[in-house]
Amino acid sequence: MLDTVLFYSFAVLVLGGGILTITRRNAVHSAISLIVSLLGVAGLYLLQAAEFLFAVQIVLYVGGIMVLFLFVIMLVNLDDAAKVREYNRQWIVALVAVAAVGAELGYFFHRGAASFHIAETAAAVPVAVGNTEALADSLFSEYLLPFEIASLVLLVAVVGSVIMAKKRI
Amino acid sequence: MHPVTTVHYLALSAALLLIGTVGVLTRRNIVVILMSIELILNAVNINLIAFSHAWHNVGGQVFAIFVITDAVAEAAVGLGILIALFRNKETVQADEIDLLKW
Amino acid sequence: MNPFSQFFTSTDYLTIIPAVQLALFGCAILLFDAFEDFLFGGPQHRKRLVFGVLAAEVFAGMGLVKQQMHLGPDGLISGFGGSVTVDGFGIFFNWIFIVAAVIVAVVSYKYLEIAGEHHGEYYSLVLFAQSGMYFLATGTDLVTLFIGLELMALCFYVMVGFLRTDKRSNEAAMKYLLLGAFSTGLLVYGFSVMYGLAGSTKLAIIANRLAALPAWDPIVFLAMATTAAGLLFKISAAPFHMWAPDAYEGAPTSVTAYLSVASKAASIAFLVRIFMGPLAASRAAWEPVLAVVAVATLTIGNLAAINQTNIKRLLAYSSISHAGYMLLGLVAGNETGITGIAVYVMVYTFMNLGAFLVLISLRRKNIIGEDLDDIAGLMHKSPGHAVLMLIFLLSLAGIPPTAGFLGKYYIFLALIQTGHYALAVIATLYVAVAIYYYFKIVRSMFAGEETEKAPLATSLGLRLALGATGFFTLAIGIYPEPFLRLAQTSLLR
Amino acid sequence: MNFLDLIWLIPLFPLAGAVLMLLVGKLLDPQPPSDVAVAPGVGQSGACAPHANHAHHHPGPLQNLIRLICPGMVLVSFIFSAGAVWQLAHLPNRLHQVIQFTWIAAMPFHMANGHIATFQVDWGFLLDPLSSVMILVVTGVGFLIHVYATGYMAHDNGFYRFFGYFNLFIFFMLMLVLANNYTLLFVGWEGVGLCSYLLIGFYFHKKSAADAGKKAFIVNRVGDAGFVLGMLLMLSVLGTVRFTDVNAALRSGQFPVEAGYGVLTAMALLMFFGATGKSAQVPLYVWLPDAMEGPTPVSALIHAATMVTAGVYMVARSSALFELTPVAGMWVAGIGAFTAIFAATIALVQNDIKRVLAYSTVSQLGYMFLALGVGAYWVAIFHLFTHAFFKALLFLGSGSVIHAMSGEQDMRYMGALKKKIPVTHWTMWVGSVAIAGIPGLAGFFSKDEILWQAFSSPKGSTVLWLVGIVTAAMTAFYMWRLMNMTFYGQSRVKPEVAAHVHESPAVMTWPLIALAAGSVLGGWLGVPKLWTIFGGAFRLFPRWLAPMFALAGSETEHPASTEWSLMILSVAVAAGGISLAYYLYSKRADIPDRILARFRPLHTVLYNKWYVDEIYDFLFVNGLGKGGGSAMAEFDRTIVDGGVNGAGWLTRTSATLSMWWDTWIVDGAVRFTSFSVKLLSYPACLLESGRVQTYALFMLVGLLAFLGYYVAR
Amino acid sequence: MDQHILSIVLLTPLAGLAVLLFLPASNRGLIRIWANLTSLAGFLISLPLVFRFDKNLAGFQFEEHFDWIPSLGVHYHLGMDGISLLLVMLTTLMGFIATLCSWSAVEDRVKGYYAMFMLLQTGMIGVFISLDFFLFYVFWELVLVPMYFIIGIWGGPRKLYAAIKFFLYTLAGSVLMLLGILTLYFQHYAQFGFYTFEISELMKLNLPLHMQQWVFWAFFLGFAIKVPMFPFHTWLPDAHVEAPTAGSVILAAVLLKMGTYGFLRFSLPLLPGASIDQTIVQILAVLSIIGIVYGALVSLMQQDWKKLVAYSSVSHLGFCTLGIFSLNPNGIAGSVLQQINHGISTGMLFLVIGVIYERRHTREIKEYGGLAHVMPRFATIFAIAMFSSAGLPLLNGFVGEFTILQGAFEANRIWAAFAVTGVIFGAAYLLWLYQRTMLGQITNAKNLGLRDLNLREVALFLPLIAWAIWIGVYPKPYFDVLRQPVTQIVERVRPGYFDAPQQAGWQAKSASDPKTGAPAPLARKVGQSLSPVSPPAAPPAILARNGGVR
């Protein structure tokens, strides 16, 4: 029951934050709303027994968003941003299309809920170790390779953003 | 009240996905578009975590970590490019960058 | 005994040798670049870094050879608990990447020097992107594939925007990144659903699980549709193609070449892995979807190319249409079709690279050299280039005895074999449309009058690369047997 | 010397002459440098005189070589022919065939009855009584006309060219008559058409001449199409085109007349259609009068004596076929009779001396077909034979007149020439008497025989006879109108011409004399059966041809008195015509004008040749609204402006339509396709708006469509 | 030598091309001489084919067979039968003449021009001697490119439009044809278990009728566009008008024959069921007849000299296709012969146009008139070309047309009746053209100073005229050469065609065994009651000098 209440609360946080993110005229407000939304997601992680990710989400991700936020401040003249049009010309079409996709997704989940029943009833493997430990186990054995690649990804991200952002290299 | 099932999480994630999509499609400010993309990736993460929970394996969580990594990397590079763009064009409005067309 | 031995055996290592080589050399180049003054006396000698790339490719190639020699009895080596599987398919595609990377590397320095953006990071990005591709071609785990894709994509975002002072380059990179990220979102959403259905990220397990579900299961379809949206974006299939012309046009031409060839090849490999792997069981559901996409891609690519006056953009549209042909191979989906894709990718590599190389030669100081007018009268100015370009264009159009014919031929073959007659007819008719715009270039080259007299840019690397692409474009067409055998090794087991 | 086995050489002599002339003739007969015809108003200076087309130049000494070679070749042919015919007479079956090689050696085919036969055509020659008559006529008369032409053409440019064509014509004509099968006959058939084209258009700087040549060729082609189809039908039914085989098949009794084989009738009519083209019968006669644009020797040789009779020869050659198809025979007779009287009416009022003769020729050819139609094949050939003499004579005579008159052809500007050109006069007098049908001269014998056969043959009828006799009267009248207007009465010669009137040189008059002799004597080879006193020798002609026409001569029995009276009637009619002409044109020259005034509409119609050319123009040539003119000049203009002369108004309209169709519909469809592809390429481009979010929207729409596909499935 | 003679013939132009590439582009004289030498060598080298060809052998001769792409079942398989022989000889001769006629016509980019011709030559020869469908297709497409350039670079004012139209049109057809080829390929695999493009192998297929029909239409598109048959002909006038003279000559003389050759070599033998299908035959015959009449009618209306001749090609090729789809020996043999004839006569007509174009640079008919006065030699040669084209007996056109008409008549009398009108129109438009340009008075001062043909130009025509007369007077060798292949095709399409009872009687003396061409025993089946014609009681004595026909 508590789960349910918490789920819905977080859901409101997530969706509300999301909606605010995309509707706030001021980009800084958007960023703050995004943080709210991300926090909601973090809450959901907690609900789903993904404690490590919860931590990662808050520490890393939200921190990362702060970076974004700073960039925004660095880049955009807020006064100017407040004056220009917020949405582009195609927003109605876009909304209709998104609504249609939403309806279709609803249809799919409605029709296909059964496909997940197997997942629901999967034999519960007792969690012998803590979440973080299990994650680490998995990450460094089964997912060792992606982990290594991820390091390259981050390297490229660093190099790339430096190349792009620096005036002279 | 129904118990919260995986499908609930899916619905939530789908809703977030759509919100992010709306953001990508309608907002003019590229920074906000990047934020919307973060929303989309978070929707994916909700999915992954929910499935991970349902399947009682951590594969989904690990996947989510990589998605987060990717989100960060993309954001970094995206902002880098944005800076380069801003330096040349003095704008961050998505529909004002249309030098290349047709 | 090494404590890591259970996670990182020599077999595991064997499966990733080339990627490791590439990544290490990439890092090394970064370092060398950082100390260039100290190491080789200044930025003017930066082009020596090309040798770093070449060395990396040599090692990567040796790695591939080693892998080839150690293929198991079932024709594959699996490593990292099934995260990566080296098989003929992967090796074949990696050779393509090597070819593309070598050619791009040796022709880039001149171009970048002229453009004033010759930096060492470029070469490491080429290598990092290639190691991403490596995992696209060999990955058998959703996570590996995903992260490999991102590695490649990120490198390309940066490379597309490499001309940082050029508005068009900025814009191209920005667009590519925004759309790329969006498509990644869709793709990974599909992956998450797939994971949800199977409870695992290993393709083999997913395949087993999905095979148990009905072909028309809605959630499978959902997973397929979102995954497809992401993947089709990468190969620039309609209606996910729209980034391509802009990105191709804005990017440095050498990057465009790399992007249009290697990135597309890697993505198509990825696509084949997913659709012929986990999604194979629901072929009935996706075949018509992909068929429509393929036709739409052909249509958009060919039609839009007709009006172009910018050769680069024209070639961009043409490469969209080529994606359509490759997709048709997947639609046919039998052995011939897969071989056809492999053959197509192979010939496409040479001919498309070749065409872009000619464009690179046209880029001179103060001359962008991308417009139809810029190539006008090329026959007078440089008959060699003109004839080579003609060969590439003929090949792109699929006129025998050039390589391109063989690629198209295989696709038609597969379509006919699987009874897709209507698709075959459509595909063939678009050959005629394609001729029309390719010959706009030919016409300009041979019948037009020169607009300027400046000699073409040239360098040793460019000459060698042009020669090699020209040679292979003709050789595959005239004596295709060894190349076909090579492509046939790529059959998925 | 075995001439019989050398008959294949007969055509080759003139061919050799032709080849020689056309290849090296120019060396023998150098052309004057200013031999360029330039339209008025064009040209750089006075250096090119506008009257260059009439420039007389004085021949070089080598020209005499041509005079020797070309007629000489024909003479050699004549000698070989005569030798061969002489030897043929000694063969029991009077048939000799030389097959040199297989010409068209094509493949087997299925005949109409499902049997397999091989389509092959010999390069072979057949000498039998029929072809022997023809080769003698062709080489004999041809030689005389050659000789005449050496004089007549002496001052023309392109002397060598003329003789080259002339010899070539003889070659083809000999091929035509010597061929042993229809297809080889067709070679000659087309070949003479070609030479006719070349020779009519000899003065090719004259547009009217070039037009006439083209008209002749194309009208002939129309007939040829029928001939070709007839041949194909023959192959299909009989499996062969070789005369001997065809005749043997047809006479084998497999196709009894009673059974009424429609296919044979079709075959015969198709052949006959071909003949109407070549032999200038209704409806395809229109080219012949125009063909008079050619030099006069050409008119004499080709358009009177030989080529135009090819149709007669061909039908006679196919007698076995026509025997089996009474319906076809009826058509032949009917068309022949109609043509005879029709052309005669036109000839009554023409003023151009050559045109009178041209219509006369058409009329006489009508007689021949009349004879063929009623089954009197030998008579047709007989008339062909006699006609060759007197009509060639008349043409050459008229040529001599024209020569004397410095090119004047209009009889209204002649008169009283008898004294000035006596030889011409006397020879033409003989010819005119002969054609009029006065006993003792050639024309009488053949024409009277035709009339008699038309009356008495089982296929004949009183109507046909009546038409024939009326035509005979007209013939006598218009010929003597010609004689009177030309040689007698008051001189109307223009003064500037009158000074130069002179008799032609001997080289021209001697052939006239020779032909006149032929016109007198030729008829005596076939005197009427009634004239028993002359005995068999004087019926050599029917006897000679008898083996050819198995059923010929089987006329129904009539009392001799009937025949005598008819004969006397025809002579009377002829005499009447001559007298009337004398009275009207020599004695009371004012009457014709009054008659003309009285019957102006009729005269106009006749003068304008029943407006057939105009009707054809109206129908086939786009002379719409221009054809009504009454003056010759206007008529010419009609043709000139007609453009597709002889090809036709319908043709032209349909060609225009086709062209329109091709441009706008067929090619239009192509261009529309490419246009629409190009058009469609704009939306494809415009999708690329450059706005990144539009791109994203399209991606979403793509996804939407994917999912929608599942939903809507 | 004999084993590789076809390869040698095929590769001679390529060898010439290889050398040409190393000649300096500035030295035009050298390039011209070399190009002419090469094309002459190409012709001379092909001559032994004629002498070594054994007309009595069934099947293919001079065969060469190597694996080319074993994994696809593609072979380098060359071979020649009578049809190929004639067309190859036409190609090599016309190639030489076309090269020679460009001597002074082309001043611009001479090297490229000749290079294109050599490439074209190889492609065309290859088409006619390939016995592997894949190889055939490669050559088929190879031809397009040089032709595109010849039209597109050295052509007239609208050359680019014409060139791309030519290319697109023929390419569209041929790629569809490729689909047909692939269908056969897979059907063969399905039936025999291995992949091959060998024609001889594909002939063993046993296809259901509906599939044959589909494949037939696919082939049809490829071939009909090339021929071109109505309504696919519109590329032809444009291409001809814009092409340089030599291009027109080759295009008309050889390239179009690739289409008819395709019908003969592939459509009929590979798809006998569809080829005999009444609907298909009717459609094709009607299209052919429309082509004959329509092409002639449109010719009548042309104001452009070259366009007129181009449309006349549509008409003539209509005869060729009509002959083919008469589906009997005479139709087919006549068709092949007519293809050669058309090559000769239309080639000459285009050369004629080229000569005058070189002097006056216009092809408007009304610019001319009375040329015979200033150019008598030219006028003579034009006349011969014209009459050859109009089908005058003793020139080549007649034999072909007549044989075709015979075949058509056998198939359907109505066809022949319509087709024969083409003969009339043929004379009409050609004579009219001749009259408007050659005869009459000179109406344009510019024409006064035209010079007559020089020796080189006369030399262009002489071999063609000689050939025209040869075929016109003694076509037997051609029919002899064609007998075997045509018999095979007919046997294939209409099995038992030759088993019909032999017509007895009149022809007995000259009848020969249809299959072997050898004299048959005097098969006199006396008393066949079914036959309306029975042997004569006593055939007329024939004193044939040579004792009948061998």
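Order as written gives the chain letters A, B, C, D and E; numbering starts at 1 within each chain.
Heads up, the rule we're going with is that contacts are C-beta pairs under 8 Å (C-beta built on N, C-alpha and C of every residue); 3 or more make two chains touch, one makes a residue touch a chain.
Remember, predicted model here, so these are calculated numbers, not experimental data.
Peer 1: Where each step is a move between two chains that touch, what is the least number of such steps from chain A to chain E?
Peer 2: 2
Peer 1: Select, from A-D and B-C, the pair of chains that is joined by more C-beta pairs in contact.
Peer 2: Comparing A-D with B-C, the pair joined by more C-beta contacts is B-C.
Peer 1: With chain centres defined as mean CA positions, report which chain is farthest from chain D.
Peer 2: A
Peer 1: Closest chain to the protein CA centroid?
Peer 2: E
Peer 1: With centres defined as the mean C-alpha position, give me the chain D-chain E separation in Å.
Peer 2: Once rounded, the distance between the two centres reads 35 Å.
Peer 1: Let me have the rounded angstrom distance from the C-alpha centre of chain A over to the C-alpha centre of chain B, please.
Peer 2: 6
Peer 1: What is the distance, in whole Å, between the centres of chain B and chain E, each centre taken as the mean of its C-alpha atoms?
Peer 2: So the centre of chain B lies 67 Å away from the centre of chain E.
Peer 1: Chain C to chain D: how many Å between their CA centres?
Peer 2: One centre to the other, that is 78 Å.
Peer 1: For chain B, jot down the residues that touch at least 2 other chains.
Peer 2: 6, 10, 20-21, 24-26, 33-34, 50-51, 54-55, 57, 59, 62, 66, 69-70, 73-74, 77, 80-82, 84, 87, 94-95, 97-102
Peer 1: Could you pull out the residues of chain A that touch at least 2 other chains?
Peer 2: Only 88, 90, 94, 97-98, 101, 105, 107-108, 116, 119, 122, 142-143, 146, 150, 153, 156-157, 160, 163-164 qualify.
Peer 1: Note the residues in chain D that touch 2 or more other chains, in rising order.
Peer 2: 674, 685, 688, 690-694, 696-697, 700-701, 703, 707, 710
Peer 1: Which pairs of chains touch one another in this structure?
Peer 2: Pairwise, the chains that meet the contact rule are A-B, A-C, A-D, B-C, B-D, C-D, C-E, D-E.
Peer 1: Given the complex with chain C, which residues does chain A contribute to the contact?
Peer 2: For chain A paired with chain C, touching residues are 105, 107-108, 111-112, 115-116, 119, 122, 140-146, 149-150, 152-153, 155-157, 159-160, 163-164, 169.
Peer 1: Chain E touches which residues of chain D in the complex?
Peer 2: On the chain D side, the touching residues are 4-5, 22, 26, 35-39, 42-44, 48, 53, 93, 95-111, 113-120, 122-124, 183, 186-187, 189-191, 194, 197, 201, 204-207, 210-211, 214, 217-218, 221-222, 224-225, 228-229, 232-233, 235-240, 242, 244-249, 251-252, 254-255, 643-647, 651-652, 654-656, 658-659, 662, 666-667, 669-670, 674.
Peer 1: Quick check on the complex: what are the chain C residues that touch chain B?
Peer 2: Result: residues 142-143, 146-147, 150, 154, 157-158, 161, 164-168, 170-175, 177-178, 181-182, 184-186, 188-189, 191-193, 195-196, 199-201, 245-246, 249-250, 307 of chain C touch chain B.
Peer 1: Would you mind writing out the residues of chain D in touch with chain C in their complex?
Peer 2: For chain D paired with chain C, touching residues are 674, 677-678, 680-682, 684-685, 687-688, 690, 692, 694-696, 698-699, 701-703, 705-707, 709-710, 713.
Peer 1: Enumerate the contact residues on chain E facing chain D in the complex.
Peer 2: 165, 168-169, 230-231, 233-235, 294, 297-298, 300-302, 328-330, 332-334, 369-370, 372-374, 376, 380, 387, 392-394, 398-399, 402-403, 405-407, 409-410, 413, 416-417, 420-421, 423-425, 427-429, 431-432, 435, 438-445, 448, 473-476, 479-480, 482-483, 486-487, 490, 497-498, 500-507, 510-512, 514, 530-537, 539-546, 548-550
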